[in-house]
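What follows is a pair of complexes built around chain A, which joins chain B in one and chain C in the other.
For the complex of A and B:
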C-alpha cells in the first residue's frame, strides 16, 4: 500500500497528463483527453481520505501510462485538419 | 566540359583553403562566442504571456492583466488551472519550467522575470 501523494506530486501528475494530452495529433482525441483529465482531477480534488487518495493516485498513474502510449501512437499517423481547428497552428 | 569544371574547381579550392587559414589566424579561439543572446525584451515577453493567458481562458480576456496580477486571487485560477497555464507558457517559449520554480510563480511579473532570465526561451 503506497502512502498518500503530496500536493506537489498530484500537481506534477496533472502537468504530465496535460502535456501528454497536448501531443495528440488528432484533434478529437486531444480535446477528449484534455477534457477528461480536467474533469477527473477536479472531481477528485475534494478527496481527503488518505487511503482513497492513494488508490486514485495509483489509478491515475496507470492511466497516464496508457495516455503516453496512445499519444505516441497518435503521432505516428497524420490526420486531416478539422474545420474547427486553428489553421496557423505553430 | 569536364576539363572546364576542373579548371574552375582548383582555384576555388585554393581560395577556400586561403580563407580558412586566414580565419583561424584572425580570430583566436578564446574570443569566440559559443552562445547567442536570447534577445527577449521584457515588454515582448509580457505581451506574449498576456496573450497566452487570454487565449487560455476566454473569461479572462476582458479583465485587465498587469504584472502584479496574481494567478490565484486576481485571475481566479486554482492550482490545477495554474499548472495548465504554466504548460501553455512553456509551450509558447519552448522551455521546461521545473516544478520547484513553477510552484513559486504566483503572479504575471514573476513569470515574466523568469522567462527573461531563462537563456533557452525563445
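For the complex of A and C:
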C-alpha cells in the first residue's frame, strides 16, 4: 500500500493533467479532458481518508499515462480546425 | 491454475512496456521526452487531413463570382444568388472550416481512452482468443473476458449472458429471427412497434415471409406505446415482444419496466433494442425483466463493427443462431472474435459507468440550453415526449422551413434531418409519421445529438446559426408570408406534389 500523497504531489499531478490535456490537437478531446481534470480534482479534494486518497492518486497516475500517450497520437493524426476554433494567421 | 499464472506473468511483461507496472509512469513519460518525440514529427511531416468542406467552400466561391457577373438578371425579390449563398453558408474568417459534430445518434467519436486500450492489440497482442494451447491465445482471451465483465456490469447482467456480435443490427436480427425460428413449432406471433429501427422492422417483415404474424403497435403523439394496447394484442401464440428503449430519431424512452412486467406475467420473451439507451439511461435486466437486449459499441464512444446481445440464462432463453460454425459465444455466434474491438467496446462500457454522473450532468445542461433557445423561435415544436426522453437527442420541427434546405444551409454543422435512417432518400421519417406529424412538419425536422465531447461553445454557435438561418429561410418562403398575413393554410387546397 502506498502512502497518501502530499499536497505538493497532488498539485504537481494536477498540473501534469492540464498540461497534457492542452496538448491534444483535437478540440473536443482537449476541452473534455480539461473540463474533466478540473472537475475530478475539485471533487477529490474533499477526500479525507488517506487510504482512499492513496488509491485515487494511484488511479490518476494510470489515467495520466493514458493522457500522455493519447495527446501524442492526437498530434500525429490531425484534422482541420473546427468552425468554433480560432486559427492563428500563418 | 498453471494457465492463469502463466498468463499473468506474460501480461505483466507486456504492460511493463507501457510503463504501468514497476516503472513510475511519471518517470517513464518524462514530459520532455514526449514533447521532443512529437516535435520532431510535427516539424517534418504534414499529416493534416482536410475535410471536403474546403473544396466545397472553394467551389462555392467560384460559383459566387461567376454568378456575380449577371446578378442583375438573377435578382429575385431583392435576393441575388450570391447574396443567398452568403447567407446560406457563413464563413467566419479567422476560424477553422471543419463542421461541428452534432449527430451523436448516428455514431459517436471514439474516446481516446478507448483507442489507448485498442492499440496494444494492433501492436503486439494479436493472438486468437480461442487458441487455448499457448500464451498468445490466453492473453487476448483474458482481455476479452475483462471486456465482457465491463459490458455486463452496466446492465447488472452476468458476464456469461453477454454474446459479442458485430453490432446492434446483428443482435436485433439474431433475436427476431432466432427466437421465432426456435419456437416456430408452437408459436407464430411477434409484437413490436412502428417506431423501431429499420433493422427490427425489416427482420420482423422477413419473418412474415416465414409464416409468422407480426403486430406493429401504434404510438401516441408523444411517441410512446399504450400498455393497454400491448396487453390486448398478446395471444397465446406470441413468442416475442420487442420494444426499443430509446428511439434513435426522437430520443423518446418507452416504459421498459412496465413492459417487462407484462411480458413476464404472460411468459413471453421481452427484447429491447438498447442501442441508443445502453450506458446513457439506467438499465437493469433483472429489475426490468429484460430477457434480451441489443447493444452497440459505436454509440457509446467505442469502436464501430462490434456490439453485443444480452441473453438471459435463468429462466433460459433459447434461440436459433444465425451463423453456423465453430460454436464460439455459447454457440450463438460462431466466428473468431475481434480482440481490439471487443476490448475497446469493454473500455467504452467501463467509461460509461465511470463517467455516468458527469456525462448526464453535462449533456442535460447543454440539451436544456439548446432546447430552450430553439423552442423560443415561433412555430417551433419539440418532437416526442418532453418528459420521457433521453436529453442527448433533441428533435425539433421548424414549421415553414424545408428541413433539407436548412441542412444544406448548415454545412458548418454536422446534423441529420428526421429522415436520417436511409439518408439517401428524401422520404419523410416514418417515425414522425407514426407520431401523427404531417409530411410538411416531418420534412422540417432536424435532430440534434449532444454527447460527452460536445462543448458549450459549440452549442452556442449552433443556436446562433439555426436561429439566423431559420429566420432567413422563412423570409424566402411564400408560406411564411401567408402565415404572417394571417391566412389559414389549412383552408387552401393544395395540388399533389
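The rule is simple: the second predicted complex is superposed on the first by the 88 of 90 C-alpha atoms of A that agree within 3 Å, B and C clash if a C-alpha of one lies under 4 Å from a C-alpha of the other, contacts with A are read in each partner's own complex, and residues count from 1 in each chain.
Basically, contacts are C-beta pairs under 8 Å (C-beta built on N, C-alpha and C of every residue); 3 or more make two chains touch, one makes a residue touch a chain.
Every value quoted in this text rests on a predicted model; they were computed, and no experiment measured them.
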item	value
First (chain B), second (chain C), both or neither touched by A:75	second
Touching partner for A:84 - first (chain B), second (chain C), both, neither	second
Touching partner for A:31 - first (chain B), second (chain C), both, neither	second
Winner by number of chain A residues touched, once chain B and chain C are compared	C
Chain B versus chain C as contact partner of A:19, first or second or both or neither	both
First (chain B), second (chain C), both or neither touched by A:57	neither
Common ground on chain A, meaning residues reached by chain C in one complex and by chain B in the other	19
Chain B contact footprint on chain A (complex, rising order)	7-8, 11-12, 14-15, 18-19, 22, 38, 41-42, 45
Residues of chain C touching chain A in the complex	18-20, 24-26, 28-29, 31, 34, 37-38, 41-42, 47-51, 53-54, 92, 94-101, 109, 112-113, 115-116, 355, 358, 362, 412-413, 452-455, 457-458, 461
Residues on chain A engaged by chain C in the complex (per definition of touch)	16, 19-20, 23-24, 27-29, 31-32, 35-36, 39, 61-87, 89
Touching residues (chain side chain B, partner chain A) in the complex	79-80, 83-84, 86-87, 91, 99, 103
